[in-house]
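To keep things simple, chains are lettered A, B, C and D as they appear, and every chain counts its residues starting from 1.
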Amino acid sequence: MDQKILRAAVVGAGYWGPNLARNFAASNRWELAAVCDLDADRAARVANAHGGAEVETSLTTLLARDDIDAVAIATPAGTHHAIALEALRAGKHVVVEKPIADRASAAAEMVAEAQARGLVLMTDHTYCYTPAARKIREMVADGDLGEILYIDSVRINLGLVQPDVDVFWDLAPHDLSIIDFVLPGGLQPKSVAAHGADPIGAGKSCVGYLVLPLPGGAVASVHVNWLSPTKVRRMTIGGSRRTLVWDDLNPQQRISVYDRGVDLETQALDSLERRAATISYRLGDTWSPALEEREALGSMVSELAAAIHGTRPPLTDGAAGLRVLDVLEAADRSLATGGGVSLVRAGTAPEPALTGELVAGGAA
Amino acid sequence: MDQKILRAAVVGAGYWGPNLARNFAASNRWELAAVCDLDADRAARVANAHGGAEVETSLTTLLARDDIDAVAIATPAGTHHAIALEALRAGKHVVVEKPIADRASAAAEMVAEAQARGLVLMTDHTYCYTPAARKIREMVADGDLGEILYIDSVRINLGLVQPDVDVFWDLAPHDLSIIDFVLPGGLQPKSVAAHGADPIGAGKSCVGYLVLPLPGGAVASVHVNWLSPTKVRRMTIGGSRRTLVWDDLNPQQRISVYDRGVDLETQALDSLERRAATISYRLGDTWSPALEEREALGSMVSELAAAIHGTRPPLTDGAAGLRVLDVLEAADRSLATGGGVSLVRAGTAPEPALTGELVAGGAA
Amino acid sequence: MDQKILRAAVVGAGYWGPNLARNFAASNRWELAAVCDLDADRAARVANAHGGAEVETSLTTLLARDDIDAVAIATPAGTHHAIALEALRAGKHVVVEKPIADRASAAAEMVAEAQARGLVLMTDHTYCYTPAARKIREMVADGDLGEILYIDSVRINLGLVQPDVDVFWDLAPHDLSIIDFVLPGGLQPKSVAAHGADPIGAGKSCVGYLVLPLPGGAVASVHVNWLSPTKVRRMTIGGSRRTLVWDDLNPQQRISVYDRGVDLETQALDSLERRAATISYRLGDTWSPALEEREALGSMVSELAAAIHGTRPPLTDGAAGLRVLDVLEAADRSLATGGGVSLVRAGTAPEPALTGELVAGGAA
Amino acid sequence: MDQKILRAAVVGAGYWGPNLARNFAASNRWELAAVCDLDADRAARVANAHGGAEVETSLTTLLARDDIDAVAIATPAGTHHAIALEALRAGKHVVVEKPIADRASAAAEMVAEAQARGLVLMTDHTYCYTPAARKIREMVADGDLGEILYIDSVRINLGLVQPDVDVFWDLAPHDLSIIDFVLPGGLQPKSVAAHGADPIGAGKSCVGYLVLPLPGGAVASVHVNWLSPTKVRRMTIGGSRRTLVWDDLNPQQRISVYDRGVDLETQALDSLERRAATISYRLGDTWSPALEEREALGSMVSELAAAIHGTRPPLTDGAAGLRVLDVLEAADRSLATGGGVSLVRAGTAPEPALTGELVAGGAA
């Protein structure tokens, strides 16, 4: 690969920024050019850990530099929109920590701006770049599971009650972004029902359920919970051919694929088109694919490089981030009505990226 | 105990009747007097397996006998109402296989008839008589868990798609009857939201989610699924003091009690009554109580005897059966509106039985 | 299959006899002709549960009948030898509950007698007829695991301290008979080391370890324990191609086959024949075969019928029973020397049966 | 605590040295004064990661410095003896990575040298400083388990076949050091039997079993295996009152304490002192203590500081390291005889340290 080594700047040196910086620095497609934070000391600690990166405290100064190809934004969600727009307008490609913004309208503007300028806008949906999620996406695309019948995702643990967001906005973006990633058509439910509970009086939902109808009578469900003493990270994807369970806390068998299920055969009985349904069971083997050990964030920065060099959007582009926000906002509206079914905004979320090959990156 | 040995007749010798017959025969409080089925051969096979029980093929003849104290009904749900009323009118105590009837109005009539005649009407909510459920009821009643914050119940497996009922009516009665049993006030949600999916075109829901608000901001959720290749039977009861997980498929540790959780302390900040919330974590031990090995159905028939001899209704009385139907019918209405929140009928379900001591029964 | 229906008599109506009776009665290859026990009532209870079987209280009378093809012996181990010899001398085929006898010399006499008379002598090593053990035998025979490198079997639980035998004789016959069954050459170790402990002063080993060298540098180990509060039934079979774990207490995934391991490649380095070893790892998928649900004892009685009709010994013949006793007696000698390595008697145990096809039996 | 901050030098900047350096640097009882390695670059990388530590490439120069209180040795095992003696003779306290030496005689010399000079010699048995091992030691010392009946330790995984040592020397030091740590009297078995297998032709044992008789008829067993595709880290400690299982790969429940077991009651029957044994079962609850999250190595360096400041040897002193080597050498002799029971050298290993309080350390 003779492609130019790209240069990245990380904006925000708090919790997530150092992880981004480390992965840009370790990648053979990137150089970490700068770390930018209002707090110069904080920026310097991150920059120093990775050799030659420069410290910037002014976003304007940073964006004025012409040796920066892309900006990675790891600031609070409320600031993503303003920083991203400024970066795009300065001609930089942009990757944004999830959620892409704090509201869908802001995300839509970011998507439009990137599109107008022919720049890459990527959402850092990190979980999508784990070997497990990549394997699942591949299996679904190859038809190994058949038609998707249901997706059930559980993400519960004793979690920090967040000061600014409820349990849906805190945890469900992970589930939603993964579902968006593995479904061939992306996550575009017509409606959402959200049920939240605040039994400890925290002032926001601490236990939550999302139910999203999928095409063809299928359904997706997400259960998030800050009050569970046990930790569960399990996503079940039921298909007409096979069913897959991703248990992320079982490193010895993260993915199990069950070659069994319920078969329904319908057949015309007579000229009156009455139909009889025969239901039968398939009992088959279970299979657990070996997964490579690779840091998700390393694959993410490689994907960003590939998108910049290439002609297709990144697998988790701005539109993917927007689709997640569309669902979360519909969930908010559902909660406001006490759990009523709420339509997801149509039209703001563009079509998902065509399925492209994941680009294998890696440190030199 | 010098109480009279009671005499039971089992009506219906199909799937469940033989289990009832076996437990009446094995109990030191009961004699199995008769087995009644339209199919004399089937009745005879059950009767012969337990010595002296007589075979009856006519319900009228059976009920005319004056040596029968109680009738156990194990016929299709649609026939429960008619048989139970006839038995009650003949002066017999009655226990009915779950669900108590195929519609709430029928159950309400049964409850009223039993009450008017001073007879025992019991629902055979078998799971409530497992050592695990009894232990949980006791712990909740003793305040070991504190205030109930949430209940999450999962009952999924590769299940036989039923010809007559959907996955809610097939599986959720178990979860609902257990929740009714362990909650001090019984299960009396104001509303229900039900989300069902039929992704295989079976003509009824095969995947289902129920969400029920509970008093004090708490929530109960039930997930039932016929299409899951893995079998899960897990109920989590989150409390303000402790959280309990019942994993019925782990015989080595069915119940785990976690002495950890999230604590919220609120305090007045100033005279304006502004309040600050401080959230903290408790990390404590886990504890798993030893459970006796006892067949649930044996405890159930003992409870029936105790209720007949005593002055209090059985722990799972007709009203408990009715409360479960009230929820299922509200779920049906919710499904009919595409998942809208549906009010549970108020007023049909009487108050639950006062907490009584479980009566230990057992074979001689 | 037009083969004659065979007629069986069960001798001993205690713990195991009823299970044998039930499976003979349910098989379409057998009729249960008689149940024999000194205690006529006990025999009658078993006979009555299966229709037309007759009750016998005299072994002599039973064996004099010419309508009995085979005798199944389920009496205390110390009586197996005498009863089996008498039955063989009366021309009956014989199957004996494990262990085949209480000492190897008795078993050898039984094997010789059956051979001299051309009759079938079978050991009821029930576990060998589970779907799991049959699958493992098939996979080993097909070379799916490659060369066997090690077998590690753990069988521990809170067990009844037996009045007459130690933990080795109580539990290890199961492990040894399974190892004998799955190894193509049967279990014929040259030596055994046994380490026992009696930390509660029971007068016999309550915790035990057996180590048996296998051909080619491989090793088998058996850990049995009556004092363990947790129950484990796990056998690991490490092979040069794949490794298999049988966890019998995990009904959802009893057998896991790991396509990973350590590869050692040796190559000549130079003319001095010095060799360098390169060790590498294979990391591959995990696979869990679907197993049919079938009662082991049903397959066992079918195998007995097949052996009687056919021309080959049963898969678990008398010689298999003898090989297990040879190991147990060598273990006794090892224990007597405080754990020293003890040679296994050579010559008493004939070669194992050639691998035959398991015969699928089943009730009509 | 007004005690002087101590100054440490780490010798060896390979695999383990950086971990030691990091923990000395993070401790509020230590300053990391120097990192010493023949490879100056390697030493510099470690030193630079922790601020002011100096780089040394000469051991002699290092030991001549008078600002160093203690030396932590993380070089190959064969060099421990020479470096430790030189350091002790220079008046430095010493902690040595496990195993303390490559042979018991060398370790004994190190122990004697430290004793003669009144210096602390500590073995870095890191696992002993995990919260789990500390909890177990405390429970055993408090009598919570009663008399120890058996210890069964399993440490298996797909492991790197080591060029210089077999599976016993590679893995068993962990198990043996933990057993030594939790047993009130330390690990001082009279004999050892070792059974090793080399089924892949690696030239050394790749699968191993150790059996060690303990006082009072108890037994300890260690199973180590480089060829297992599944990873197991499980130690069971059976006691007369309770049994404890440490499953280190289950972070949600590392320690389970089972309040059940087998009870043996013996009683005099008559004047002839014949005794009858009655065996009964206790079935009680299971309990899993909460464990703090703390890095073991942090506790280890605190313990070293406490031992230097105090008047008692460290919990894992040189004698503990020697006791482990005594067992490993006896295992070697057992292997050389094909698994015969081999006596453990008496007299080389001094008594274990009196039980002291673990010192809680921590970073400033």
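We adopt the following convention: contacts are C-beta pairs under 8 Å (C-beta built on N, C-alpha and C of every residue); 3 or more make two chains touch, one makes a residue touch a chain.
For clarity, every value in this text was computed on a predicted model and none was experimentally measured.
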Maximum distance between Cα centroids and chain D occurs for chain B
Once you count every C-beta pair in contact for both, which comes out on top, B-C or A-C?
A-C
With chain centres defined as C-alpha means, what is the inter-centre distance between chain B and chain C in Å?
44
When the C-alpha atoms of chain A and chain B are each averaged to a single point, how far apart are the two points in Å?
41
Where the CA atoms of chain A average out and where those of chain C average out, how many Å apart are those spots?
53
Per-residue overlap in chain D, given as positions that touch at least 2 other chains:
230, 260
In the complex of these two chains, what residues of chain C are touching chain D?
147-150, 152, 158, 160-161, 193, 195, 197-203, 206-207, 209, 211, 213, 216-219, 221, 223, 225-230, 236, 238, 240, 243, 245, 256, 258, 260-262, 264, 266, 277, 279, 281, 338-341
Per the contact definition, I'd like the list of chain A residues that touch chain C in the complex.
253, 259-260, 283-290
Across the complex, what residues on chain C touch chain B?
230-231, 252
